[in-house]
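In what comes next, chain A is part of two complexes: it sits with chain B in the first one and with chain C in the second one.
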Partner chain A sequence: MTTTLNQKDILKRGAIWAFILVELAFFAIVGDAMSVSSKAFLSVDNMLLLLKQSAPIGIIALGMTIVMINGNIDLSVGATFALAAVVLLDSMTWPFMQALGDWAIPLAWGFALLTGVVLGAINGLIVWKTGVDAFIVTLASMLGFRGLVFMYNGEQPTSHLNWTLVDFAEAQFLGLHTATWFLLGAALILWLLMTKTVHGRNAYAIGNNREAAVNAGIRVGPHFVLNFMLIGFLAALSAVVFYSESGSVNPNDGMLYELWAITAVVLGGTKLAGGYGSIISTLGGVIAIQLLRKGLGHIGADTQTVNLVIGLILIGVLILDRQLNRKGQEELKI
Partner chain B sequence: MTDQTPVLRLEGIVKTFPGVRALDGVAFSVLPGEVHALMGENGAGKSTLMKVLGGIHAPDEGQIFIAEEPTVMTSPMQAKAKGVVFIHQELSLADELSVAENIFLGELPLKGLGRVDWPKLYADTDAILKTLNVGFDARTRVGDLSIANQQMVEIGRALTVDPRAVIFDEPTASLTDAEKVVLFDVIADLQSRGVGIVYISHRMEEIFKITDRISVLRDGQYRGTLNTAETDEDEVTQLMIGRSLDLSRNESHHEMGDVALEVRGLGCGALYQDVSFSVRRGEVLGFYGLVGAGRTEIAETIFGLRTPSAGQILLNGEEVRIASPIDALGHGISLVPEDRKSQGLVLGMNCRDNMTLPQVDDLTAGPFVSDGAEIAIFDQYRDKLDIRTPGWRQIVGNLSGGNQQKIVIGKWLSMRPEVLIVDEPTRGIDVGSKSEIHNLIRELAAQGFAVIVISSEMPEVLHVSDRIVAMFSGRVMREFTADEVTEDNLIQAISGITDDKVA
Partner chain C sequence: MAQLNKTEIGAFLAKQGILIAFAAFMIGFALANQRFIELDNVFGVIRSSAILGVMALGVTFVVIGGNLDLSVGSMMSFSTIVVLDLHDKLGPGLAILAMFALTLALGAFIGFLVGYLKLNSLIVTLGMLSAIHGLTLTWSGGKNMDIADKSGTWFSVFGQERVMGIPVPILIFALLAVALSLLLSKTPFGRKVYAVGGNGQAATFSGIPRARVVFLTYIVSAFCVATAGLLQASRSLGSQNTVGQGMELEVLAAVILGGASLMGGAGTVFKTVIGVLILGFIQNGLLLVGLDFYVQYIVTWIIIILAVWLDVAAKRGRLWSPIA
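Now for the complex of A and B:
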């Protein structure tokens, strides 16, 4: 069988991983020379920690990828993240839950994940039934869901520490942290979903050309709803993994997570307009951002500088992508 | 009129595109105060000529004269500055802006510091509207106007300069009879002011009513100019179609089965009314008519993309309700749409995935789509339709038009439909692939599919159809069998000429 994956495609898919290698080389060489700490940047422990720290935004970014491939966007994930965290921690303090002992843990996880799915379904149903742009719908629900977080406990943090849970969250299996396993597991399942199943196929088709998809007899709405439910679930999963360990949520937690997730997705090459993108590349985008944050911190840069650099890199990547695409189109015309 | 200097004259215009000689030595002139019709079939070169005139295409050879002065056109704006203005068939107005802002768009009168001189803008606009004799004022929001009045705004744009020549491209396509009268008054008024008018239209009736001379293009060549008063519809028709056809008429005959699809008294608001026809298994039914005659809309109704306001659709003799493409596909009706890039294909997807898109639900093994089942379907139809692609992984957007169209056709054939509707089967496809697609359509009918072909190209309709339905303005004018149809009576039927001799 002839392979027709052309060079441009390989270049585009490999770009994010090449970028990560450049980052690693840069921080290994320059980083160690300018380092403010005595520890080596490229140590195994440090890299494992990096993966763990990538997980909260990473799990959300995976969901954002499928929603964006489908031609939508979800701005409410940060608020969903916070609300799921509140449900997780608060539910464990309920009397009947406390009576259950450690059995309260899976139940609390279930409540939190269900919260995410329901919030996602609300977004999806509104987008489907009203036809209003997902950007507007989820902008509104971002405000609304955040309102619910504040209504729950006012300005106060919600806290509950369960040591069994903390042990689970801090555990390492085969060297990788629990959070990392969740990130990789979610990536594997979503990769299978998007590349091997009917739903994934149809999601790409709808995002690429909605009219042609409708003409092919595809029901657009249910696919939208399913993807919004998935991203809601993943936002809640991200919260569950993170707050199992920290045990305390502030009502402002998760703010701007939607923008970090979108940044990672776009850096990974997924198109804002839909129809093109990859789960694996998003994973690359997530790691690249975390590496940049951590690496710049390692050489003593403050948060403001880190944000400035990430912003500049994002613009650079998009300009490069545009140039590549334009060149591709010109080749086609000849 | 003969001693006057033409306001606009073209001489020996040649324009070639890769593989096509779109204009081949076209000459044409307009005298002041004259209405000069430009006629020709779809693809005869009228729009290319207009684009040359508007400076959008530079001619390879030839010369444009304005008031006998050689002129090089560089853009529509420059043409306008020289007094040559275009009224396009498709309106290009900003709905949310006022009439005045639209008419002076890009050339708003200014006072100091870049501020708009509103009083002058409204006064100038009202002066223009007065000459057009319309019932709205400069401050009206354009979106609130009727189509006819929007067209008046478009014409108003032409009058912000003192025009020498005004070119109307199918101006009556979306107008009612009453609205046409108003338009013709405006044209008469321009005429009396010594403006030369170029009037592009397919509608014979209008042409004979308002024009002084008729020039005809055919296959990019200038075929002659007639004085309207001294000619008739037959002579013009002859000039337009009297070519050696590169396509033979449909001669093949094979057995036909029962009626597969029947439509009775179907109507959809103002788009089309009282449409009835039927198509048998093994038959190709052609739909011919001008753009906007309602052909595509009928196809979209049968495919469930539009809701009919009247009438019935019967499949194998039983009435069916089709509310969505999903229903249509369930009943075995497929549509190869008019615009394959925007409606038919997912351009960013590969060949195989495009072809199996409507049935991927049924090609699963466990939770996953079965690669093998998909590739089997792709291979089968690639061979059957002779689709030339390096492999199924090829992104559809990178294929040629002919191969893209075959992917769309293969997509529907693999669903084993009973009725296949093909809207403009060869639009934007090169000549070689065209005849391949035509043969394919004939072959499909021979295999027992009921096929409906909608086309704007007469040779194509004549070549592939067993019967032809001629449409004009949302109505079926006449139905022809392959034996009784002639180019003459077909072109007359779609120009809205009711033939009293036949009845």
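Now for the complex of A and C:
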């Protein structure tokens, strides 16, 4: 937990990027030999597409990172994602919104993002005020928020296509897609937040040792709430970016997103016990998973292989991590 | 003096709160709709909760031992697909045996990773959720699995028949609950599970083989999952690859509602059964009074948080958290 980077730390931080390089090399060489398509795997277009496809889970995973560094977890992000999407698409059909023309777009985005922030605040306040474990609180709100999604529109999908919005979501600026810009922008802001601000330092301190943080005079509760509001905001942002393009949301959308996001975060080396982790490494974890999906698809493997490989890699990472930390602390508890 | 009484009442409420809430809830719905407590309806509810319930019994062991199991939903899909596929190839009897063996092998693998290698159970079982889903899809080739001759097999007995007027799934759920309750409360193994979950280090120092006990909790869980897969397969005689998807969190909700602590060392099989029944009857009761199905999600949300909050509050002796 020292601030100086020792060898072990460099090894750990570099691991995910080394893994990505291995994946790239593997799929470029082996992949192109076995490929079912004639296109090269390592083409610029393919890599740009990969970044775009990483965005929905990636943006959520960034939020999951700060919540986990803080020593909590959020299982309700999939439901938050769905509710924000419903609000985004439905609000654009409200009469007064339609009268606004394209000015309805920023307003609809605002409503959706506000939904995410409010849901996050609910989670954070419950965790703070009741002292119930975040795992349980967000497990329950995962059900509750999903109930709210169904309440909105029953089992019907909510659809609304706005072509201005679709054009915006499909646009490319300096080669990168809109979704990619949002992913990278969010990563940059959160990285600054976690490394350069008091809130970031306190979040690490609380995750590392809650009691010590309290004794040092840090107000734990407000930091919890802020981080839950941030992950709610990011889950909504992910929905906003994704559904601006697709224009239709099913009430079951976003299910299991929490598990994918946690997988990416853990692959990036963030500790479930809190106090350790980095936004940039999570970005690496997200890219590594997407590379694996795309690469295995490229060599003609089915979804089943992807699931199998990702699961086994996750366990492999855990075993490796344990070897690195063998002399370290006691084993983690949840 | 009044303070003492207040804490005593608080402690009593916290200890028996889940039962009191269950009783109040049942009476309320029974008054609202007579049909709620008719035998047919009660059987119907328990029967449809049985699969979730059987899985929750096993997860109770894992949770009391201080770990989590997020792979049960995915593993249940695996068991269901495997037994349905082998049914036509080996016949029902051998298919069931083979399915149990394979599911127990998966449980043993998880138990080895969490128990002997001491890996974090949340991540291991999260990884296994994905990996087992991959295995299931590989086994089935991604297709739905159906028994060819649905009327000419005795395999449907577990999910569809009645014995002495009681549906078989209920009997199996009840028998398993009693057996596992005895295992947990009356045997040395059961006491070791509590000891390991309550304080792993202390348990190790007092000579309890922590690794083996944790390993065995996952074996119990896998056995329950295999039983649930059998009930599921026998009930429908055909299945999708994703039949158990998402059930891991519902199961966990039932176990937590029953009062098992995620920190380990607390909980009972009986209370888990109550947790399962509460979830089942809430769903049914809300439908019977004419509310939409999704209202149960919102009600469950509130009930879980209230239940755990009361429990935590009683333990610390004050309602609101002391977190600054």
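Heads up, the rule we're going with is that the second predicted complex is superposed on the first by the 322 of 334 C-alpha atoms of A that agree within 3 Å, B and C clash if a C-alpha of one lies under 4 Å from a C-alpha of the other, contacts with A are read in each partner's own complex, and residues count from 1 in each chain.
In the analysis below, a contact is a pair of C-beta atoms (placed from the backbone, for glycine too) under 8 Å apart; a residue touches a chain by one contact, two chains touch by 3 or more.
Owing to the predicted nature of the structure, the values given are computational and were not obtained by experimental measurement.
Shared-chain residue A:Val214: touches chain B and chain C both.
Once the two complexes are overlaid on the shared chain, A:Asn307 sits against chain C while remaining clear of chain B.
Applying the stated contact rule after C-alpha superposition, one finds that A:Arg201 touches chain B and leaves chain C untouched.
If you count the residues of chain A touched by chain B and by chain C, you find the higher number for C. With both structures placed on the common chain, the touch criterion links A:Ser248 to neither chain B nor chain C. Residue contacts after overlaying the shared chain place A:Gln156 against neither chain B nor chain C. Of the two partner chains, neither chain B nor chain C is touched by A:Gln98.
In the superposed model, A:Leu192 makes contact with chain B only, not with chain C.
Within the superposed three-chain model, A:Tyr276 lies in touch with chain B and out of touch with chain C [touch as defined at top].
Once the two complexes are overlaid on chain A, the chain A residues touched by chain B in the first and by chain C in the second are 214, 219, 332. The touching residues of chain A, when paired with chain B in their complex, are 1-5, 192, 196-198, 201-202, 204-205, 208-209, 211-219, 275-276, 332. Listing the residues of chain C that touch chain A in their complex gives 66, 68, 70, 113, 117-124, 126-138, 142, 201, 245-246, 249, 252-253, 256, 262-264, 292-298, 300-302, 304-305, 308-309, 312-313, 316, 320-324.
Those residues of chain B that touch chain A in the shared complex are 303, 305, 325-326, 328-329, 335, 337, 342-349, 353, 357-358, 360-361, 364, 367-369, 390-391, 393-394, 397-398, 411.
Of all residues in chain A, only 75, 126, 128-133, 135-137, 139-148, 150-151, 154, 214, 219-221, 224, 255-256, 259, 262-263, 266, 272, 302-315, 318-319, 322, 330-334 touch chain C in the complex they form.
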